[in-house]
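Structure, as structure tokens:
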Amino acid sequence: MGLVHAWLMKQAQTSLNVSCRGRGMTNITSQIQSWLRGTGVQTGVMTVYVQHTSCSLIIQENADPDVLTDLETFMGKLVQDGHPDFLHVDEGIDDMSAHIRTTLTQVSLTIPVVNGQAALGIWQAVYVYEHRFASMQRRVLLHVVGE
Amino acid sequence: MGLVHAWLMKQAQTSLNVSCRGRGMTNITSQIQSWLRGTGVQTGVMTVYVQHTSCSLIIQENADPDVLTDLETFMGKLVQDGHPDFLHVDEGIDDMSAHIRTTLTQVSLTIPVVNGQAALGIWQAVYVYEHRFASMQRRVLLHVVGE
Amino acid sequence: MGLVHAWLMKQAQTSLNVSCRGRGMTNITSQIQSWLRGTGVQTGVMTVYVQHTSCSLIIQENADPDVLTDLETFMGKLVQDGHPDFLHVDEGIDDMSAHIRTTLTQVSLTIPVVNGQAALGIWQAVYVYEHRFASMQRRVLLHVVGE
């Protein structure tokens, strides 16, 4: 995988609307890979970015769903909903905990593009991790630069 | 938002010196957006990077300051200053806890650039999160590639 | 550090195989810097990406090894191996905890390139943070775009 010169370089970006049915993870890997194929970029780097402060992005196991269940169990104990310390309570007991969970995970991910695909490992998937209880529409931006 | 060809692509980078008045968050969103406007890049991707191991970067709520207060309260309980386990204590009780807080948050953020702006959501701001007690000068690098 | 026009821009990518001897951190900074020098990119941005869900990447102190020891002590208490809540237990008591530790840290890092080097702060190093007990071979992808 050597150097690639500029005159073939290009970029593309788009946004996805992701429907999240309350707290939990939504796998967006196939949407990302499908969009990438459409751009024709074979070699480069892509960014996945979520425009919110109470949901986040994670890269985690794509096989055993127990991993996601256990991760949520852990997060639920680590960040107590409606903790008596919280001042920011007007939007419900899940709102401040959602901000904290977002801070402890990610809102942006950067993934190399190899052979026209986001170069995820064989066990990796990209998830929007919704931290609010209610169903939400979340906006995810995708960007790629490469050739 | 389609493909953009290379012959218009360019990059720019700079560094910001951010004065942090002890533990807490400093909003650097307007500095980032202002610098981006100066580069003339309309479409692309930017990186925000902090060159330290005891402060970090977060993207969080820009409206209710209680969110930041509650987040700091949470972090203060999660990572106890001067925990008796710590071996790295020569620089004070806030030093090792600052390294841990940094690890649990971010030192680099990548944000798509749309219409000449870092494409933050309407509630998002970029903060330097200082974890040391003392006032510190922190160095943040900005990079953009696009056209 | 001004604008650089496209006709000199190029990209490069590679992968590193990193041998991790059980739980703990492996410093990959010199491998990253050495590869970057070979690409000839002077100004740009690089991505470091790990293709796994039970090890991660962190940027932390390169001087006092007690920082790494204390960080591991903290993580070990925060995420209990073999917690009775865990459903995902077939691969051992360190497997689910490894997934959680990975989620609380990073799988991708983006670092500006200045003067032909990843622009780490003077105290920063890049580590693969192995969370499994066993020795593992881990795959790290590097990408740079710049000129």
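Letters A, B and C mark the chains in the order given here, with residues in each chain numbered from 1 onward.
Basically, a residue touches a chain if its C-beta (ideal position, glycine included) is under 8 Å from a C-beta of that chain, and two chains touch if they have at least 3 such contacts.
Note that this is a predicted model, so its numbers are computed, not measured.
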Touch-based graph of the chains, sorted into line, ring, star, complete or other: complete
Count the residue numbers both chain B and chain C use at their shared interface, divide by all numbers used there, and answer same if that is over half, different if under half. different
So what angle, to the nearest 5 degrees, turns chain A so that its CA atoms land on those of chain B? 120
Between chain B and chain C, tell me the centre distance in angstrom, where each centre is the average of that chain's C-alpha atoms. 18
Residues of chain A engaged with two or more neighbouring chains: 6-7, 9, 78, 104, 106, 109-110, 145, 147
Considering only the defined contacts, which chain B positions touch chain A in the complex? 1-7, 9, 43-45, 58-61, 64, 66-67, 69-71, 73-74, 77-78, 104-106, 109-112, 114, 119-124, 145-147
Contacts from chain C onto chain A in the complex sit at residues 6-15, 39-40, 47, 49-53, 78-79, 83, 85-88, 96, 99-100, 102-104, 106-110, 139, 141-143, 145, 147
